[in-house]
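The two complexes that follow have chain A in common; it is paired with chain B in the first and with chain C in the second.
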Partner chain A sequence: MAAINRDDVAHLARLAHIEMSAEELDRMAGELAVIVDSVKSVSEAAGEDVPATSHPIPLSNVFREDVVGHTFTAEQALSGAPDAAEDRFKVPAILDED
Partner chain B sequence: MSADTILSFEEAMEKYDPVLGFEVHVELNTKTKMFSSAPNVFGDDPNTNVNEVDLGLPGVLPVVNKAAVESSIKIGLALNCKIAESCRFARKNYFYPDTPKNFQTSQYDEPIAYDGYLDIELEDGTVFRVEIERAHMEEDAGKLTHMGGAAGRIQGADYSLVDYNRAGVPLVEIVTKPIEGAGSRAPELAKAYVAAVREIVKNLGVSDARMERGNVRCDANVSLRPHGQERFGIRSETKNVNSLRAVEHAVRFEIQRHAAVLDSGQPVIQETRHWHEDTRTTTSGRAKSDADDYRYFPEPDLVPVVASREWVEELRATLPEPPAARRKRLQADWGYSDLEFRDVVNAGVMDSIEETVAAGASASAARKWWMGEIVGRAKTADVDPADLGVSPQTIVELNGLVEEGKINNKMASQVLDGVLAGEGTPAEIVEKRGLAVVSDDGPLLEAIDAALAAQPDVAEKIRGGKVQAIGAIVGGVMKATRGQADAGRVRELILEKLGVEG
Partner chain C sequence: MTDSNELIRLSAAALAAKLAAGDVTSVQVTQAYLDRIAAVDGQVNAFLHVNGEEALAVAAEVDAIRAAGGAAAEELHELAGVPIAVKDLIVTIGQPTTAGSKILEGWHSPYDATVIKKLRAAKMPILGKTNLDEFAMGSSTEHSAYGPTRNPWDLERIPGGSGGGSAAAVAAFEAPLALGTDTGGSIRQPGAVTGTVGVKPTYGAVSRYGAIAMASSLDQIGPVSRTVLDSALLQEVIGGHDPQDSTSLTDPFDNLVAAARTGNVEGMKIGIIKELHGEGYQAGVENRFNESLELLKDAGAEIVEVSCPNFKYALGAYYLIMPSEVSSNLAKFDGVRFGLRVLPKEGPMTIERVMGATRAAGFGDEVKRRIILGTYALSAGYYDAYYGSAQKVRTLIQRDFDAAFAQADVLISPTAPTTAFKLGEKLNDPLAMYLNDVATIPANMAGVPGLSLPGGLADEDGLPVGIQLLAPAREDARLYRVGAVLESLLEEKWGGPLLDRAPELHALDAANTVGGSN
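Now for the complex of A and B:
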């Protein structure tokens, strides 16, 4: 059984900006351990002759020529923004006064 | 925020040994972005150079810009790096509004270029080798403008506005290995290193390399350790030091600040520092924390980049002569002393002199003109000498007129005025302004007779052997001919006239 403790889950939740209750943290610690073990079983199936891969399709060098394509107008770009000003996305200040 | 205590640079150097490290981000000048076909253009209206890929809308698929990969390989080669046979992209995950996807597409464990070096020549000719750890491909972030609060700084801002035109612009991040042994020359080396990287990418034509536009940005890592200690001290990372001078100043300041912290018996805090050009100091950004836990993982939407050896060699064959090698070659060809050559480089006229020599001037004549008349005028006009509007052909022609004795140096200066005023070629201006040296002896002899008659006592002195008195007569002749006589010829004629040996 993989060792995923409650603190690991709390840490990940913070990094991922996911709010989790104490109960959820406990439950998820157990569930994640099972998931990690399941994923691990893949490495048991792959023998030494199977190279590590980050992609399921054996492709490389899928490139685009350096030619300008379509763009949005500022209005289109901002159409899904929760808030905007001066043709720009408006977001809360990130850091407080030092 | 209280000002940091600092030690004098000299005292810091007596007690500690600095170790440096740099991350230089180079924005490529491709026509389009790294993973989208939106234009890569500086200074356009906000959020107009974006499409769905740059905004990270759901379900979009990035596609790698081939030209950006080629530029990255060229940079790697110019930095004497190995080029990875195969490499891949990775997601660097963090939440910050400059990155609409909540991750930056970068490279992590497989950079496209690695294990290189750059030989940096310091001002006195000392060569210092900086080892390059890696150069990897990634994308730039959007631009945040902090509104409200104090003077546009992030601290105390009420809100921020985001323009994603820059989001997705191709970047190459060049990371050095720790640089040891620079000692008191660390600030100078820092500046010279960033200058060399900028020069290389500009020479390759892969970046506009304008630091004031952020095309080349430097994060400077500094740590100190007591002399003789092997282990590195704790480092600080000063972000976005965006001029060559600032790089030098920031490294110097951080050395002084670290030294004071260590002297007080405290450990240096590992943190990001912000550089302030106005006060030439840094202030604390954020401490390194789990915010730096980026959870990199291979980018599932992009397949690996395989750089065949044929492709790499094709690209290598297109590389221009490295700037440092070119300088060495030109100095040797021109026969300038180290000092002369350094002045030429610092004045920014090396390229102009090269063109002028190619146009037919001698190296010494080209230097005389560019370093004299032209640099002076450029300074007055506050433009780069090359932008003054003097072509190499003009210099060749002007110099030819002087060497043939058709005009003297003083007239040449007036001819240059004429060229800059758009009056035509030097020969045309000589004609139009009537500037030719009077070489017909007739008018000169008349003027000499007049001058001798006007100063009979001087004439007598010369006859009596006091040849040095001749200046007064020559002066009279020059005045009478409004400076258009060849003074040497005038002197000859006077002596002849008076029957005195020169």
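Now for the complex of A and C:
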């Protein structure tokens, strides 16, 4: 398995929407390399025939009646928003103008 | 009338009895705890927010109902008027919820978690919100954006994590009870290093609705207390099916208090997990562990050895599954709907760049590490080798538990490999920090319940050691049964609760409370 390098971390940070300084990328790459190395053995632990477990105690078909339950008022829903206008969240530009 | 210094040292069960008998009022009890918080929390830093006014109002309401008598007084819950602290990962109306993060500084939830609704229904005054590692990511509470909590046994040492605030609050007699959350040991490991009791119930036994999600398939809310019976009482308050949590179990968990009061382990089979002691465990931890085994044997339990060979992969699998879920769960902190928004210093103000700047400023190092690690484990080309393999290991761990529980009614191990370490000692070595949870993680991976109780003090450093009990899924009652027996045997040996040996905390001058060496 490939080791994680600084370019990988820069790419992953972009995917995860976390701006990182050059110094932070260096440090993070070093730390993550050690961690990734230590979890590598996991890929050799289980054979092909072992099924995956995604949830510790599986439940299926958990439904509720199709009726309106508790809802927030716009004021409640917007109460923690950094910016709001006209009962809506106010979002910065989605597209870069240039 | 009892002296307030004595009041705060009573168990929740004893307080409840005194309240019911009319020996004390809830206002007296609640005020005694608020006074204690004011006196010692400058040193301990267990609380991020103190909710004095509301707590006293609830206490006064309980006192008025009791004083009036009649049906309303009869219907009061057993723990009505007994105060409680809440880990600041659980959302509450009327108090801020920060998750220990700058990204949620000052944020107020518009709704209560289900467990909070249950505390309110039982009329338990909420003393405040307790400190934690940011988003519950850590084993020392040093990753809190609001400064570390200190261990009441030694203020230079960590109180465990992530729920160090809840454990320290209970250990320092700042609260009789607290709520915690446990994703890989965050209730049990702080319990172990502070000489208190902590329980991670069966996955789904307590609703997670309103606990800010870290890793949804591992997270579990549970009780923090000074006695096994108190945890049983609290789990019965907060447990039960909740339609708002689709992973909530419909099974009844109403036999916990009765189990804690049963007090008998005769004929029970208790399994030592071969892989969870010995090498890598501090000598003083091993000694106290062996001593507990002897006591249980003398009380009529049969001690057997079981092997869980796949537990050696548990830590690795956990550090793939947990960060993967973290990277997804924390995507919602985008600077739009709640919390912090930071604008880039220059260049175009697009949502992408605002998000990048917000998350860079709002998240601490450990949170960033786990998000990046999770993003990596889930990315194309690595998914099968990492996340896929880790999920298979999860199956192997469940099979190990199944085989072990075919041979034993409960399993036993030390809760943590060492006693409390010094603040700062492992802060720059993430991997060393992760190793603290080696004995607690398997329970989260399999969804089985676990309890940690004080097992004594390690010879070499005089610090608390935790004993962990594990039971099959849905068999939480067994933990309380065995835990209560072991607790009473140990206290008989010690001549009182372990916390009686903790150093006295005194209200100190500010100059003496901060900036200790480490």
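As a working rule, the second predicted complex is superposed on the first by the 81 of 98 C-alpha atoms of A that agree within 3 Å, B and C clash if a C-alpha of one lies under 4 Å from a C-alpha of the other, contacts with A are read in each partner's own complex, and residues count from 1 in each chain.
By definition in this document, contacts are C-beta pairs under 8 Å (C-beta built on N, C-alpha and C of every residue); 3 or more make two chains touch, one makes a residue touch a chain.
Keep in mind it's a predicted model, so treat the numbers as computed, not measured.
Trainee: Pick one for A:A77: touches chain B only (first), chain C only (second), both, or neither.
Mentor: both
Trainee: In the superposed arrangement, does A:F89 touch chain B (first), chain C (second), both or neither?
Mentor: both
Trainee: Figure out whether A:A13 sits in contact with chain B (first) or chain C (second), or with both, or with neither.
Mentor: Only chain C; A:A13 stays clear of chain B.
Trainee: When the two structures are overlaid on chain A, which partner does A:L32 contact: first (chain B), second (chain C), both, or neither?
Mentor: It touches chain C, and chain B stays clear.
Trainee: Please name the chain, chain B or chain C, that touches the greater number of residues in chain A.
Mentor: More residues of chain A are touched by C.
Trainee: Check the residue A:P51 against both partner chains and state whether it touches chain B (first), chain C (second), both, or neither.
Mentor: It touches chain C, and chain B stays clear.
Trainee: Considering only touches as defined above, state whether A:L59 meets chain B (first), chain C (second), both or neither.
Mentor: Both partners.
Trainee: Common interface residues of chain A with chain B and chain C?
Mentor: Looking at chain A, the two contact sets intersect at 14-15, 17, 54-55, 57, 59, 62, 64, 70, 72, 77, 80, 89, 91-98.
Trainee: Would you pull the chain A residues touching chain B in the complex into a rising list?
Mentor: Touch list, chain A to chain B: 11, 14-15, 17, 54-55, 57, 59-74, 77-78, 80, 85-98.
Trainee: Give every residue of chain C touching chain A within the complex, in rising order.
Mentor: Listed in rising order, the residues are 107-111, 202-204, 217-218, 243, 246-247, 249, 310, 313, 315-317, 319-320, 327, 331, 334-341, 344, 348-357, 359-360, 363, 368-369, 371-373, 375-376, 379, 382, 385-386, 388-396, 398, 430-431, 434, 444-448, 473.
Trainee: Mind listing the chain B positions that touch chain A in their complex?
Mentor: 1, 30-32, 36-39, 45-52, 55, 57, 63-69, 86, 88, 93, 95-97, 144-146, 148-149, 154-164, 283-284, 286, 290, 293, 295, 298-300, 302-306
Trainee: State the interface residues of chain A toward chain C in the complex, per the touch definition above.
Mentor: These residues of chain A touch chain C: 1, 4, 8-9, 12-20, 28, 31-32, 34-36, 38-43, 45-46, 50-57, 59, 62, 64, 70, 72, 76-77, 79-83, 89, 91-98.
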